[in-house]
Amino acid sequence: MSFPLLTVTAALPAVGAVLTAAVPAARRTAAKWLALLFSLATLALAVLVAVRFEPGGARYQLTESRAWIADFGVRYELGVDGIGVALIALTALLIPFIILAGWHDADPLENKSQRWRPTQGFFALILMVEAMVIISFEATDVFLFYIFFEAMLIPMYFLIGGFGDRATSSRSAAAAAGGTDENAAAQRSYAAVKFLLYNLVGGLIMLAAVIGLYVVAGNFSLQEITAARAAGTLDMATNTERLLFLGFFFAFAVKAPLWPLHTWLPNAMGEATAPVAVLITAVVDKVGTFAMLRFCLGLFPDASKWATPAILVLALISIVYGALVAVGQRDIKRLVAYASISHFGFIIMGIFAMTSQGQSGATLYMVNHGISTAALMLVAGFLISRRGSRLIADYGGVQKVAPVLAGTFLIGGLATLSLPGLAPFVSEFLVLVGTFARYPVIGIIATIGIVLAALYTLVLYQRTMTGPVKEEVRTMQDLRLREVLVVAPLIVLLIGLGVYPKPLTQIINPAVEHTLSDVHEKDPKPQVAVEAKNGEAAK
Amino acid sequence: MENLIGLLIAAPLLGAVVLLLGGRRLDKAGHWLGTLFAAASFGIGVVLFADLLGRGAEDRTLYEKLYTWIPVEGFQADVAFQLDQLSMTFVLLITGVGTLIHIYSIGYMEHDERRRRFFGYLNLFLAAMLLLVLADNYLLLYVGWEGVGLASYLLIGFWQHKPSAATAAKKAFLVNRVGDMGLSIAIMLLFTTFGTFAFGPVFASVGNATEGKLTAIALMLLLAACGKSAQVPLQSWLGDAMEGPTPVSALIHAATMVTAGVYLIVRSAAVFNGAPDAQLVVTIVGAVTLIFGAIVGCAKDDIKKALAGSTMSQIGYMILAAGLGPVGYVFAIMHLVTHGFFKAGLFLGAGSVMHGMNDEVDMRKYGALRKFMPVTFVTFGLGYLAIIGFPGLSGFFSKDMIIEAAFAKGGTQGWILGGVALLGAGITAFYMTRVMLLTFFGEKRWQPDAAGHEPHPHESPKSMTIPMVILAFGSVFAGAFFEIGERFLKWLEPVTGYEHGNSPVSAMTVTASTMVVLVVGVGIAWSMYGRRPVPVVAPRGSLLTRAARRDLLQDDFNHVVLVRGGEHLTRSLVYVDHSLVDGAVNGTAAAVGGASGRLRKLQNGYARSYAVSMFGGTAILIAATLLMRAV
Amino acid sequence: MNPVNYLYLAALLFTIGAAGVLIRKNAIVLFMCVELMLNACNLAFVAFSRMHGNLDGQIIAFFTMVVAAAEVVVGLAIIVSLFRTRHSASVDDASLMKL
Amino acid sequence: MSALAAATSTSTGEAVQFWVLGTVAVIGALSTILMKKAVHSALSLAGTMIILAVFYLANGAYFLGVVQVIVYTGAIMMLFLFVVMLVGVTAADSLKETLKGQRWLAVLCGLGFGVLLIAGIANAKLTHFNGLGRVNSAGHVEGLATLIFTKYVFAFEITGALLITAAVGAMVLTHRERTERAATQRELAERRVREGVQLPPLPAPGVYARHNAVDVAGLLPDGTPSELTVNKTLRARGQIRDVSSEALNDLKALEQASAERLGREEASK
């Protein structure tokens, strides 16, 4: 067995978490730098993984396999396919920015009694989340995946409940949060508990399904089961398969909020600090969609096809509904949250369109949405931290006083409405085409999402950035160096991936082909023969 | 030669990047840089044009593939450019007029501290527009399509401190988005039908597709065109777009961007030819907008809004022509080019007038300006003559051709369309004369502006007048130049195809009748605004006038139906989300809580009652074991 | 006579003792009932040892006694200190298990 | 010899003994749980235990039998009685059930449990049994000793530890740690003065010739009894005799008598 690259990639942030947590209370800054260092090291490893990965090669590469709980056939099996590589890269990429953006979010409050080393805890928890997310992207053993899929909730719970928005601890923001400081804290813990309960319920149902799968299949190895399913050697009773599928899908649908299981997301993202909100929607939720692609389709191809229509309709509802509700929001972060719900609708739609364009698009979408939401949300966080309010109505004319902030905010917004030339456009269009190819009506209705996206984004931009300058905003200062360092790379990525997404797609495509072959699906062929070659003269 | 095409776009793009990222240190030279990049692009365009002219009519199509953009199984989208006569025409128009307007803006935006940014946006627009016309497939075209949308969003809302500007920008973008929806659906249809959306393969194999498919595609393309070219029913944004600086109105909302819809239709000629029903719809849209815009143009007192209405109606002409099929494509483009000249000229003139009048836009507060700004007066006047189709000037030829072609459609359709086109010509004459009279003739009606400054009309600086002169020159001679020896026809024909429509009425008759309606229109206008003095405060006016002032109530309709309805919808949805979707979950939580609260009473804390339960439990266990034994 | 009867007797005593534990409130009496149960067990053990013909049963009974002794010592100590603090030996008064 | 006999077979004598004593044992057990006063319970339990000791003997467990009598009945039960005394011999706790349904549940469970046990034993079909003859061949106590010190030696040692712990535990529980030095007479007096509640020492209980009056409250001048005069413990147990009525009667009688004598004085004049 060669060097266990995947294990190390996942373990490194965990080690970092422990070390960061161990830093003594006084050395707050040291802890920050330590966390940043480890996240960057993880990024380097992730890049290494991406380099070591041959797109043309076997489906799962860099695999590791060790016996773990022999009695139940649970093995410690890791392996990445293109999708996994892309998402690991995304995670490892975003964490440093999240840490950098949250640099001061966990500094102990002066007016507050000192919590136990809040700063160390904050960054340690973030790194812990990263470790768990990465390993659940790597796990090819269902049980192993389940463990980390659930364990993720614990650090997230503390991140949401323990570290509120700095804004909500200041006067005007307390008003924004709808009352006093205590009120804000209460809302925060409410959001955290809600997040925990939703995901726990999903997880429990999934646990039942996992056990059921073991009973049926006799082991937990994704590769073996998938192969057996594809080869038809392992056949489940129709109803059993459907129930198991639903069990898995429910958990994933909660995690990647699908209507009507989405209501935890706005609370969580609204109450958490901006970096944590990014962590939720850009990183943790991706595990849900990723798992749909890898586990639901791979393990239960027939059931997936059986459930497709219903799921597509739900996804469609998510798209339109999320966008419409986003338009009606008064709170910046909640607005972004509902926008994300709409985007997750697109992702799920692409996954279950069962076309290579749809699924490639969905995978690209996971990455791009991660980056674009990060850009938008982090800038929003900077904005909120300046004014101390999450209410859109409290802003106006920021563009005049802080042009750079406004510009980055606009670019983030344009990415959210998937403007061509920015990364999200590619993925969104792929998803739409892929869906349209098989379900024209749904595809057409989904395009309404494009218009609505423009609506809520531009309304947000207009209300906050343009118009006459509000009194409280007049003294607002523009982005600092640290903040520019956070946003600029993200924007560069957005443009780069929008203009030249090939590096990603060539990694993703083979994996998607495998997934499609798992479910025995072929892309629909064009209806008419095409004569001229591409690029020849039009006449 | 091919690799010059990339440069064509790269130049202004580079300009935009440099200017927008340059920061304050570029404030001094920013505008010159921007103009330089635009001019460079124009230069490259000229070189390419010369190259094309050097080739035979058949191989005048250059093709350059940069790289594969989105390589996904069964879905090949390239970043590739195709330069043929059609694109070339647009390239010259865009870069040429664009450069002029850059120069103009140097003077016009002199006192704006964000001038650098303005030029950055202008360059961005040029790049996007060039991408739009040079793309060799619909997806890339879509990128340009949205790109110009973004640029116009940024430029309309350039004076963001004015809420009206911000709102107008948002509105423009949203309405365009509706159109883009059509374009993206069209692309999806193309993909599912042909498995590709590159121009070459699609047009080559249109024959294999059913007419139903083609009609669907064509209609979606038309929707897109309506959005971008401000055709009914998506025209409402153009009027508000006048909130932007005047050069923007000239470049984007008169000369180039708004004509993108026409380009799209003409470019997709093959598809439309295969879908006669769609073509009919196109002509209808064109005709309706033609009249609609003209009527709106008559009622507006804001000089820019009046011109905007005229733009709408002129584009209506083009769309109408494009809807006529091979008979009209060429003339559509021709009118597009000539219109580019004179409408840009008119807007620049308007801008110059406002520049001299403390940015006053109400024509009723102008009057008698011809003495004070002679150059503006002359250039504006020439543009005016051109647009109303004064014989010999460019508008005359292009519009005449379109009317003739409309008649050539044959049957009642032909008569109706032709009649509408004629009528439009008359109304055009009327409102343009009105603008002319209100602005430059009559006696002074100047009012001190809000700040109380008495306006001191003066001629604008050279940087502004020179472009106006050049454009005026173009609007005078372009038509004749194109028409003599049917140069333009021969030039475009290989791309768009052409067949001479045999109209029931002879060309002479058409021309004559055009002249008649023209004279009538001018006459009415003179009788209304030339003879008697013009009230500074607009009279209440007839019902139609009042409706026309409100864009024929179209905005009100939008407001009531879309905005209000949308607000209610979102509000109710927010409520639903909070009380129903979320409420259901919280309800279950509450239920569980209550149940456990009741169960809690069992734990009364008395050791003995616990003992009882223990004892009973033991008993039950024993019973169970015994039963297990028994069975 | 069949020595199984001893077992029946043991069962009977045990049950009575258990019922006593449940019924009585006085801690001391409660303890007595526990003792009664223990003794019933011992009786059973002894009877068993006789049946199987080995002494292990008796040994266990012996240990039971020892444990019982220890238990009583501690228990009674507890009762005494309880009585000191609250002047009653009723187990119901010590209903502090409830929050 | 009789040991062997007892070990291998059951004589009619034993049967008679069983039935008679068994009945008594059950009655004893019942009275243990039904008697109102703790003392009675204790006594009846002692009885039961002695009978059990007899049964042990009858089963050939001589050692246990003796231990039962000495340790259990002798030591443990006496311990019980001691505590009962400490807590109050006469304090009769009411058998009235305070917990709702407790008693019924208890009886129900008890019956069910008993039935189950008996059913289980009945199922077991333990008919043949081989006596202790063989194992007792080397002598009964030696047999036990061998087992205890070989097979069960560890358990034995552990029980030792257990007993130690129990002893220590009992002391810890009952022992009251004196945190501060005992107050001297002087300090007590001073405190009394400072608090001014009870300056003179507590009044002595009233003394009447008729009975031991340690539990009789002393009378205040107006004849009403004073709680203060009776020992705290007695008061806690509610063992105070109220003699105020008698006292008043005596007083009346006294007055009458004197009145008569005075009257006689009148008469004699």
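Chains: A, B, C and D, in written order; residue numbering restarts at 1 for each.
What we mean here is this: a residue touches a chain if its C-beta (ideal position, glycine included) is under 8 Å from a C-beta of that chain, and two chains touch if they have at least 3 such contacts.
Chain-to-protein mapping (UniProt): A = NADH-quinone oxidoreductase subunit M; B = NADH-quinone oxidoreductase subunit L; C = NADH-quinone oxidoreductase subunit K; D = NADH-quinone oxidoreductase subunit J.
Keep in mind that what you see is a predicted model, and the values were worked out from it rather than measured.
Across C-D and B-D, it is C-D that has more C-beta pairs touching. The most central chain, judged by the distance from its Cα centroid to the centroid of all protein Cα atoms shown, is A. Centre-to-centre spacing of chain C and chain D amounts to 15 Å, using the average Cα coordinate of each chain.
With centres defined as mean CA coordinates, chain D is found 105 Å away from chain B.
Chain A and chain C have Cα centroids separated by 63 Å. Mean C-alpha position of chain A lies 73 Å from that of chain D.
Multi-chain contact residues of chain D, defined as those touching 2 or more other chains: 99, 102, 105-106, 109-110, 113, 117.
Multi-chain contact residues, meaning those touching two or more other chains, occur in chain C at positions 18, 22, 25, 92. For chain A, the set of residues that touch two or more other chains is empty. Every pair of chains meeting the contact definition is listed here: A-B, B-C, B-D, C-D.
Within the complex formed with chain B, the residues of chain C that make contact are 18, 21-22, 25, 91-92, 94-98.
Chain B makes touch with chain A in their complex at residues 59, 61, 63, 65, 67-76, 78-80, 82, 84, 136-137, 139, 142-143, 145-147, 150, 153, 157, 160-161, 163, 165-167, 169-170, 173-174, 177-178, 180-181, 184-185, 187-189, 191-196, 198-205, 208-209, 213, 270, 494-495, 566, 569-571, 573-574, 577, 581-582, 585, 589.
Across the complex, chain B is touched by residues 197-198, 259-260, 262-263, 321, 324-325, 327-329, 356-357, 360-361, 397, 399-400, 414, 419-421, 425-426, 429-430, 432-433, 436-437, 440, 443-444, 447-448, 450-451, 454-455, 458-459, 462, 465-469, 499-502, 505-506, 509, 512-513, 523-539 of chain A.
On chain D, the positions that touch chain C within their shared complex are 7, 10, 12, 14-15, 18, 22, 25-26, 29-30, 32-33, 38, 41-42, 45, 48-49, 52, 55-56, 59-61, 63-64, 67-68, 71-72, 75-76, 79-80, 83-84, 86-87, 93, 95, 97-99, 102-103, 105-107, 109-111, 113-114, 117-118, 121, 126-127, 129-135, 143-144, 147-148, 151-152, 155-156, 159, 162-163, 165-167, 169-171, 173-174, 236. Partner chain B is touched in their complex by these residues of chain D: 99, 102, 105-106, 109-110, 112-113, 116-117, 119-120, 123.
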